[in-house]
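Consider the two complexes below, in which subunit A is the common component and subunit B and subunit C are the respective partners.
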Partner chain A sequence: MMTIRTLRSPQLALGVRVCGRCWRHDGPRHQRADPLGTDGARTEAKQEVDGAQTAARPKGFRTKVAEFFRPARDTINEVRKYANETWTFMKRDDLEQLMFEDSRVLWKFRGPEDIDQWMVASDKEMGGKSEAHLTLSENNTAFFHGVTNLEVPKDGVTRYSGYAAMRSKQQQAAFNRRSQMDFSPFNVLNLRVRGDGRSYMITMAAEGYFSSQWDDLWCYFFFTRGGPHWQDIHIPFSKFFLTSKGRVQDAQCPVPKDRINTIGITLGDKINGPFELEIDFMGVTMDLTHKEEFAYEQYYQGPRRKRFTKKPLLSTKDW
Partner chain B sequence: MSPYISPLFGVAMSVSVLLIMSSSHWVFMWLGLELGTLAFVPILTWWHSSLEVEATVKYFIVQAMAAAMFFFGGLVSTGTEYISSLNQIVGNTGEVMIMLAVAMKLGLAPFHYWVVDVVQGLNYIPGMVLLTWQKVPGLMVLTQLGTTYNSFFLLTLGVLSPLLGGLGGLGQTQVRKLLAFSSNAHLGWLVSGCVIGSLLGITYFALYVVLSLPVFLFLHLLNAVHLNHLRMSLMFNPASGMLVGIGFLSLGGLPPFLGFFGKWLLLTHLVDGFLLGLAIMLIVGTLVSLFYYLRVSYLCLVILGPQQVMIGLSWRKIYMTNLVSGMVVLNMIGLVLVGGVSCLPK
Partner chain C sequence: MAHFSRIFSRPVQLCVRTVPGGLFQQCRNSLCITTYSRAVQKGPVCPPGSYRQVALLHSSAQHLAKKDTQERNDTRALVLHKQVFEDVDPDVRTKANFLKVLDNFTKKDIRRRGHVEFIYAALAKMKDFGVHKDLEVYNKLLDVFPKNVFVPTNFIQALYNHYPRQQETGIAILEQMEYNGVMPSADTADLIIKVFGFRSHPMKKFRRILYWFPKFKHINPFPLPDPLPADPVDLARLALRRMADDRKAEFKIYQREEDETESNIKTYVTSIQTVEQQQMLAEHPKDVPVYVEGSFRLWLKDKQVYYHILRSDLLGGTKAQAMKEREWVEDDMTKNDEQRRRWLDPVAFVENVPEGPVFAMCITGSSCQESLNTWIKGLQEDNPALKKIPVVFKLSSASTQLAAAQ
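Presenting the complex of A and B:
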């Protein structure tokens, strides 16, 4: 007997039981999110197939409407985020802490969520053979380890190789703006590490207004002992020197402590072999006994005032 | 910078103010404004650090944009009304553009955001010049924009400034940004005073300069860039710490300090002129900014540092405090000076 149902699906005319939702396959009626009717158990292969099928399937009206309004929805979310940030800033519940604190722990590596705030890089991105990993150790500390390999990739461009680095992720504010860390109440950077005897470098990147400043990094070295004992490292901010694209700059200036984007640890000591660095915490402190503002010579730019001194009529210097 | 060239910039800045004061033609006023800007830019980059260069670039861009708008507004005014004197122009598009340009140059709300970024990148001395002396050319031009239409527009901007200056400074921990928002709040009072009467505006400006100079100089001597550093000022140098605290109380407009009398003077004239709404809005804005003034004063005057150290040590004494201290003491004898003068029979 010809009915509307049989017109929809020829299988019905043949007496085959089909899905009452899509009329395309046999079997029980599937849920809306599971067109293949596998009772929620989807394999990755099936997901790929679904994705391909979904991509190939013409978009429905609802999907098109949702895609049309997605930029507006994202903008509204960003506006909400911005309003929330402004309100939090004006309310400033942490103001008492900011006004009276003498030290602040920046990162205390105790769980995966702390490790996720960092990213790892090595010369593998340029074709090198170094490897670097950042994991949580069995002592619940950050474990930065890997292998440095000095072999230069044969691309005709790279001349040096063999580095590994870990860097904190850039904090983002609303509308994809970069959010900076303010260390201006403090003057010393503290680390508690346990290393392998190799020499590492602490790097700090600050927010640069000009494009020529985007590669600026303030660096300083710290040397690990390699024993089983922990090391407490205190590096004053006055000791950090300015580099740009790996080159130490002639015109040095102190770290702009109120606009720090990221902090990182780099290993590039020209040694082939494995490395291991365990980090307990990173923090900043105000050390009242440290009076130095900047440790390096700053070249005076411009002509100096000449001192007008009376020269004697007969000077032995001219003989 | 060559020591022979640097006084030239100071002279040029003074000449720019004199040029504006002595001219009524908008071209010469524009010339004076530009001269002041160009003379001030090398002073901003005196120490050649990257932060100061960044602040200078931001300052120059904003000032150049405002100057272009000023010139365009003058051309529009002249083209439409065939009148070149500012005093005789009756409200038109060109005049509105000139007012907006001057507001941008002064850092009047809602064009105040550049002031915060620029002052944050500068040291205290050029920042002090920016927030005091560089207001004079703009205020001179504003006093000559005197029609009823412009008064309402200027008073609106004047009312907005204390509110935004107060709200903006609430969460600040950087002292320079705080001073920038404070200056913005005071600028609202200044502009309101200039609209009501030029002598009133000049008096308020003079009081503001007398209040601000010692605060900036002491902060420069203490090298305090964060509120946390002010907390320890009482330990390092109790005299300067206390005077900074008193200076901030005076800036907040608390009696019996000198800062109160500037506001009292202006409020008296506002009430006499039945501008109660304006007076209330100005007071509300001041109350908001008083919040952070009191916070700074609390840190300077009440909180002791983490260590109790002998304060009589010679290395703790800072130089050039006599003149600056005298200016701060002026805050405290404001009651005698201004109160006595106001009690004189009319």
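Presenting the complex of A and C:
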């Protein structure tokens, strides 16, 4: 997979800036400003810094040399990263952890660097009027807040509106490959939140090979109690159901725990108004008392198939 | 003018088939030609079937519809289906009148000419009439379809998408039911089978709803009555009981709206406190202030209530106490065995956010300082220790807090 992508666009292999949302576009011109509505202030500040660097400094000899060697340097960096990855994978010094670990904290929100691993989206992307922000609260936890607005954009196509979502950023490995999280030793997703009484949804996106799988999202709901007390939420992976582009699918399958790309929290409960959700941590655990593998039926749902069963030579009726 | 005579011989089809654009656009431009008017003949001459002709005719028809609203008496003019619903006075937009409009349509024409546009117009107007959560009305809407016409009768019809536009409309009805959380009934199934047959897309949608709705019907661990109580004190009781997370928590009404008070503010003051919170307040050092904080927002379905809390800062020595908030039953097996405890409840070992204790919560009608004073006075009667502890008010509205966070 990696080689195919690399052949298609050499920039990818060299680690040159690519589109922030996907590996299919190459070159910075596809990069929309603030594509997923992350906090505007930070992006603007960044742009200013970039602009200052490019505009103020005239191109001297040293810069030119550095630019000349940049592709090579970047490639070497990527190779080094790849070698590191391979070496870590091969030496397997986390074997004990893999075998005996019973819980793993994925994100513990304690500072701005934890918030930076997440991005925020709302229906503003498609012309809606909802707002969503992810900031650090007074208690040093993640504070997901904003306003949902059900007003449908008047583009003649959109029929529903009013959602806000936060999603963990895609983790990258060497050569701009997406790296996945492996939750196979666990069976429960844990959250500690303090909400406002509205109902939210946890979404998990898994790596899929075919383009039809890129929009696959495994979802389940969680309900907040509201009030000043923290609330522990345990959602077994077996409860997650498969959706694609916002539609629940007929053919269900359990979430592939070994290749999770991103985890997100979505709000879309058809209510106009502000929301606040404080998140302390998010983790996965192994609950040995939970035996369920998948909560939804998986029998064949298509048209009736002809059964080629042999008629028994001597049935009980003949006796 | 030969082509015009052809058009007028089947005006409905012209209208239904030729509106360009997707499903939504067609729905918005839902236009029906019930009777044709002579004025249409004045339209510009274009080659038949061309896009331009259609567009022009369309606009002229819209123009006519507008004109028709001015001259209601002309029964032969064109009418927008949307108009039929909009003609109903906003004061009397009720279920009965909605059903009357449906009845008028079904009785007018046995062939139900223009029913697709009519149904889309009806779906769009359901919320105005307050019937968007009414199963009976949805069934009546499905009843508008002519029966047995769209049921495939041979394998070729069954193989291909038979009457796709009508099936789409059927799905649109079911989708609106789904969006509003209306569980279809056996009557709905009977109607769908009569209209589209069993092996049809609306039936498939129906079965999907039937599969998924019951799966998620009872997953909310904090259920609320439907509809929510209209009395604000009952609503406050629901909200406080939900937030307190303790069955033994004591709910108290310190003031009712009809009570006479010296501050002369007509409002209600409700409070909740658990036994543990009472104990904590009794053990609270007398020289450390407690804070009244708020207001904070709580959503009960689509209603919001505002609450205040009585809390204190985390004291140096009580950090362990805060950790004990989610203490569990320690038995002999787990007492000295951290490994085993960890195995039993791994999440317990992510340390808590260090926060001070909450002593009580309240909901008042006005969220004003006077009502909170009443609350504190009431609390002082139940917790004598509070009389000696200084109380500091830190008040801000929920919206300003949100603005500050942004």
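Quick note on the criterion: the second predicted complex is superposed on the first by the 230 of 319 C-alpha atoms of A that agree within 3 Å, B and C clash if a C-alpha of one lies under 4 Å from a C-alpha of the other, contacts with A are read in each partner's own complex, and residues count from 1 in each chain.
The definition used in the following text is that a contact is a pair of C-beta atoms (placed from the backbone, for glycine too) under 8 Å apart; a residue touches a chain by one contact, two chains touch by 3 or more.
In this text, all values refer to a predicted model and were calculated from it rather than measured experimentally.
Trainee: Here subunit A is shared; do subunit B and subunit C fit on it together or clash?
Mentor: Once subunit A is superposed (C-alpha atoms), there is room for both subunit B and subunit C without a clash.
Trainee: Mind working out whether A:Gln213 is in touch with subunit B, subunit C, both or neither, as first, second, both or neither?
Mentor: first
Trainee: After lining up the shared chain so the two structures overlap, which partner does A:Asn190 touch, if you call subunit B first and subunit C second: first, second, both or neither?
Mentor: In the superposition, A:Asn190 contacts subunit C only.
Trainee: Tell me the contact category for A:Gly273 with respect to subunit B and subunit C: first, second, both or neither.
Mentor: Touch partner of A:Gly273: subunit C, not subunit B.
Trainee: Would you sort A:Arg159 into first (subunit B), second (subunit C), both or neither based on which partner it touches?
Mentor: Once the two structures are laid over each other on A, A:Arg159 reaches subunit C alone.
Trainee: So, does A:Leu95 touch the first partner subunit B, the second partner subunit C, both, or neither?
Mentor: first
Trainee: Residues of subunit A touched by subunit B versus by subunit C: which partner has the larger set?
Mentor: Partner touching more subunit A residues in the overlay: C.
Trainee: Using the touch definition from the top, say if A:Gly246 reaches subunit B (first), subunit C (second), both or neither.
Mentor: Neither: A:Gly246 stays clear of subunit B and subunit C.
Trainee: With both complexes overlaid on chain A, does A:Gly111 touch subunit B (first), subunit C (second), both or neither?
Mentor: After superposition on chain A, A:Gly111 lies in contact with neither partner.
Trainee: Once the two structures sit on chain A together, report how near the CA atoms of subunit B get to those of subunit C, whole Å.
Mentor: 6
Trainee: Enumerate the residues of subunit A that count as touching subunit B in its complex and touching subunit C in the other.
Mentor: After superposing on chain A, subunit A residues 102, 286 contact both subunit B and subunit C.
Trainee: What residues of subunit B sit close enough to touch subunit A in their complex?
Mentor: Contact set of subunit B toward subunit A: 1-3, 48-51, 54, 57-58, 120, 167, 170-171, 173-174, 225-229, 231-232, 295, 299, 303, 305-307.
Trainee: Would you pull the subunit A residues touching subunit B in the complex into a rising list?
Mentor: Listed in rising order, the residues are 89-92, 95, 98-102, 182, 184-185, 208-210, 213, 253, 256, 258, 286, 288, 301-303, 305.
Trainee: Across the complex, what residues on subunit C touch subunit A?
Mentor: Per the touch definition, subunit C meets subunit A at residues 21-22, 24-25, 28, 179, 208, 212, 215-216, 219-222, 239, 242-245, 296-302, 304, 307, 309, 311, 326, 342-343, 346-347, 349-350, 352-353, 355, 358, 361, 398-399, 402, 405-406.
Trainee: Taking the complex as given, what residues does subunit A use to touch subunit C?
Mentor: Counting only subunit A, the residues touching subunit C are 102-103, 105, 108, 133, 135, 137, 139-141, 143, 145, 156-157, 159-160, 190, 192, 196-199, 221, 223, 225-230, 232, 234, 248, 250, 270-276, 280-281, 283, 285-286, 295-296.
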